[in-house]
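Heads up, the next two complexes both have chain A, just with different partners, chain B and then chain C.
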Partner chain A sequence: MLKIAKNNLPALFAVIAKSADLYLPIRKGTVNYAPWSEDADVDLDTLKTVKSPKDFFLPQSETLYTAALAGKKIQLEAEPFADTPFVVFGVKGCDVKGIEILDKVYLSDPVDKFYEARRKHGTIVSMACAEPQATCFCKPFSIDAANPAGDVVAWMADGNLYWEAKTEKGKKLTEIVSSMLESAADDIVTAQQKDIRQKIDALPYNSGLPLDRFKAERLIELFDAPQWDSLYQTCLACGTCTFICPTCQCYDIKDFDAGECVKRYRCWDSCMYSDFTLMAHGNPRKTQKERFRQRFMHKLVYYPDKNDGEYSCVGCGRCVNKCPASLNIVKVIKSLGVNADV
Partner chain B sequence: MQERMRIRAKELLTSGAVQRVLGWKKGDFPYNPEPAFFTAEHELDDLVYDRFCAANLSGYMVEANKQDGKTLVFLKPCDTYSFNQLTKENRVSRDKAWIIGVGCEGNAEVDEMQEIGLLERCKVCTKTEHKVFDELIGEDIQTREKEDRFEQVSDVEKMSPDERFGFWQNQLSRCIRCNACRNVCPACNCKKCVFDSGKYDTEQKANVTSFEEQMFHIIRAYHVAGRCTDCGECSRVCPQAIDLHLLNRKMIKDINELYGEFQAGDDAETPGPLTDYDADTDADPSVVYERG
Partner chain C sequence: MCKTPDLLIPQIGVITDIRTETSDVKTFKITGADGKKPFDHMPGQCAMLSVPGVGEAMFSITSSPTNDDGLLFSIKQCGTLTDYLHAMEVGSEVTIRGPYGNAFPVDTVLPGQNLLIIAGGIGLAPVGSVVRYVFDNRDKYGSVDIVYGARSKDDLVYLKEIEEIWRAQPNTNVHLTIDREQSGWDGHVGFVTTYPKELNISTDKTALVCGPPIMIKLTLASLMEMGFKKEQVFTTLELRMKCGIGKCGRCNIGSKYVCKDGPVFRCDEIDELPDEY
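Here is the complex of A and B:
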């Protein structure tokens, strides 16, 4: 275990930023991951950034290739893959798991090269959640907020940041900053971990969620459940839940007329939108009920079915905090779990 | 008061006077009741009403209006302005609604640190009277802290063009285009938004520049100009805490100054100042040159 005094963090960030692009939670009205600079208002205390850090691996929009006319021919130029190392600092346990969930989609065959390149160049410094909030429910998804995954894990306790490298990438980063870190005993971190786990256990959503009801064997039953008829009713179809969610992974591919050329880009899409999966014959999901159902069936039934039972929700609670109509996955889980006859 | 609302809703539902009830349903936390339709008497035991029932229900009446029979809807004073506006625009029909006006003691929200605070709109509230209702339940408590709701707008007006551009860039570049502001807006009731249409290359799914969002917001502000009641829903729901009300209030302030005081939703008949333009007496578009 290593450590660095909290007030030396700006110096630490400066050193990291010399070797890689550094992103961390920065307050600008709200708190979100943004590039570090000396005068940025770094905020490691706010638990939940509005957006998750998935942008760094799957940006909200990115160009794939450019097509331009060269005489009578069309010239295609592929967008280069990411090739600069970067560090995302302060990622919470749920969000690290969110990235692992994206990995299963984007790194399985056929591998998404754009995603893969970013993943290869990114180092994640995760951070334990000293003060989890009532809307957190990472525990049912087997995430340990006291000891998150990541290349380096950090704990903020006792006026210090404690640091432990977990992977090869993490060790490399540790070498770069090693002169600033001093070795430390484990006891403070162990005590904080115990405290965090106790706090997590006491949170309302961390016990009793009837998740075991969501199994592929029940797909049809869940799909046809009468509860959807009322659950979706006040959904505004805004898509906020999908854009702030660390695990929502759907994208659209479109062309942009840039005058001299056409840029083919991809951008996040939302199953909540009426033009999602719109095809020449129309939309397979015609009503908001079907679209709403898709979001939750995907996270709780379809994805687990293809990924050894792992749900594609990490319990970050963002949708609980931000849905303008106060709908969220917990309400869905509870509602569909009522007549559990497991 | 909540109890009186439940009793009355049950009466109207069981008597068949209304087919459904549109209200707020108890959430998991005190601060997240959800807008909900109730169709059975026992469901109404979950109806809640407190200061976290901020969601303006009038927009949902557009859908309810397509259903058979009447819908009982609970509206706070400010929500009734939106309802009037929707009736004026023929999006909802007055006789398909049974409106119970409910007293308001100001709406609250919790911030990221879980602290409870009064909504911005309630700090400058001018709408203390229900403008349309069938019956009323409960009393109003005035929460206004500031006399002038245009104070912030005036501050922005006083900035130099560069400062002002910087101000808006800082605000709008935070936008993640989640569409919450648009979809919650009772005035944004187009069946298909131009920004969702793939037909005319206006669909905006990605930004060309980091400040692209200005287009969306400025066009939206123009489109609701004269129809925006200043209900404050857009600012309430924005996950990025963008001061969207400043855009709409700037429009309202300009309209007031150029065409005379006007409050959208005051009634369901008076044509809006921009739809009722009079070439002889009204301000010419060229006023922008004088006003800067």
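Here is the complex of A and C:
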């Protein structure tokens, strides 16, 4: 275990930023991941960034290639893959798990090379959640917020940031900053971990979620459940839940007319939108009920069916915080999981 | 093997031939920029065609893998991209990527079997690849019955090829039908969905069905009434697609991505999926 005094962190960030692009939670009104600079208002105390850090690996929008059209001819130029090392600092356990869930989509055969290049060049410094909130429910998804995954794991306790490298990438980053870190005993971190786990056990959503009822064997039964008829009613189809979700994977491919050329780009899309599945001959998901159902069936049944039973939710609670209609996955799990009709 | 840096990056394709099938269907031959077939495929597989600035969409490949000089796509004019494609000329470039999805089991399940191929409208395009492949390897398969229907006689595609080539094949019957009476048509009138039953076609066959979703559902129901088992019937499905490789998340039916786990499904597999196609 290593440590650095909290008031020395700006110097630590400056050293990291010399070797790689550094992103961390920065307060600009709200708190979100942004590039570090000396005068940035770094905020490692706010528990949840508004958006998850999935942007670093699956950007909200990215160009795939540029097409120049001349008469009947087309010239294509593929966008180069990411080749700049970067560090994302302060990622919470739920969001690290979110990236692992995206890995199973984007790194499975056939591999998405754009995503793979970013994963290869990115180092994740995760951070334990000293003060978990009432909207957190990571425990049912087997995430330990007191000891998250990541290349380096950090704990903020007792006026210090404690530092432990977990992977080869993490060890490399540690070497770069080693002169700034000093050895530390484990006891402060051990005590914080115990405290975090106790706090999480006491949170309302961390016990009693009937997740075990969501199984591929019950796919049709859950799909046809009568609860969907009432659950979706207040959904505004705004798509906020999908954009703030660390595990939502869906994308669209579109064209941007750049004047002399066309940029073909991909961008996040939302299964909550009516044109998501719209075709010339009709739409298989005609009402918001089908779209709403798709999002939760994907996270709780379809994704697990393809990925050894692992759910595509990490309990970060962003949808609980942000849905303007107070809909969220906890309501869906409780409604479909508990009711005897299912 | 992908010829471009990533599967989402297409290669250049050239339209080398355009054949008008009906008032709203044209068949396009696409080669690579080098004049050769862009890639190999198996019957039932699809490819993404695109015009940058207009759009990109998935189309079934209707030519047989045995056809070496390009890939054929029969495309119905029904949206932004297909409108644009229909206005294009020979020599124009498009982009193409693929092949995507699985294929009809032409080399595993179908050899030695009697085949019943049922198609509605432009649905003859995907199974057309099977028909042409079977005729190019005629002695590997048993009898072939093709039951093909469209709204009117003017909506039947490949008519010349059907009359001159398909009907001339040994041990092969072609049955055409149109939905409503029409002057100049002395063939069968009625929906293709129940025509195999009217024809009293025996159940010692493997059936391949393709058409609009409602046609597939009604045809399956009729085949079941005739005594076909679901394990004897294959179909191919279509949903909106963007990536073609099971990642963009929009063409799923339950846990299955039509672009990757399909588009060809055996009908007992479809039974296990939610009714959302």
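Just so it is clear, the second predicted complex is superposed on the first by the 336 of 342 C-alpha atoms of A that agree within 3 Å, B and C clash if a C-alpha of one lies under 4 Å from a C-alpha of the other, contacts with A are read in each partner's own complex, and residues count from 1 in each chain.
The definition used in the following text is that contacts are C-beta pairs under 8 Å (C-beta built on N, C-alpha and C of every residue); 3 or more make two chains touch, one makes a residue touch a chain.
What you see is a predicted model; the values in this text were computed from it and never measured.
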| item | value |
| --- | --- |
| Touched partner set for A:Tyr302, first chain B, second chain C, both or neither | second |
| Touching partner for A:Lys73 - first (chain B), second (chain C), both, neither | second |
| Partner chain in contact with A:Ser207 - chain B first, chain C second, else both or neither | neither |
| Chain B versus chain C as contact partner of A:Ser142, first or second or both or neither | neither |
| Which of chain B and chain C A:Ser326 touches, first, second, both or neither | first |
| Touching partner for A:Thr190 - first (chain B), second (chain C), both, neither | neither |
| First, second, both or neither for A:Ala280, with chain B first and chain C second | second |
| Touched partner set for A:Tyr106, first chain B, second chain C, both or neither | second |
| Which of chain B and chain C A:Ser178 touches, first, second, both or neither | neither |
| Footprint overlap on chain A, comparing chain B with chain C | 252, 257, 269, 278 |
| Complex contact set, residues of chain C against chain A | 2, 4-12, 52-56, 78-79, 82, 89, 91-95, 212-213, 238-240, 242-243, 245, 247-252, 254-255, 272, 274, 276-277 |
| Interface residues, chain B side, partner chain A - complex | 27-29, 32-37, 55, 60, 112-114, 170-171, 174, 176-180, 182-184, 196, 198, 201, 203, 205-208, 233, 236-237, 239-242 |
| Sites on chain A touched by chain C in the complex | 64-65, 67, 69, 72-74, 76, 78, 81, 105-106, 110, 112-114, 216, 219-220, 223-224, 249-253, 255, 257, 262, 264, 266, 269, 271, 276-281, 284-285, 290, 294, 297-298, 301-302, 305-306 |
| Interfacial residue positions of chain A with respect to chain B in the complex | 28-32, 46-48, 50-51, 60-61, 133-135, 204-205, 230, 233-234, 236-240, 243-244, 252, 254, 256-258, 265, 267-269, 273-275, 278, 320-322, 324-327, 330-331, 334 |
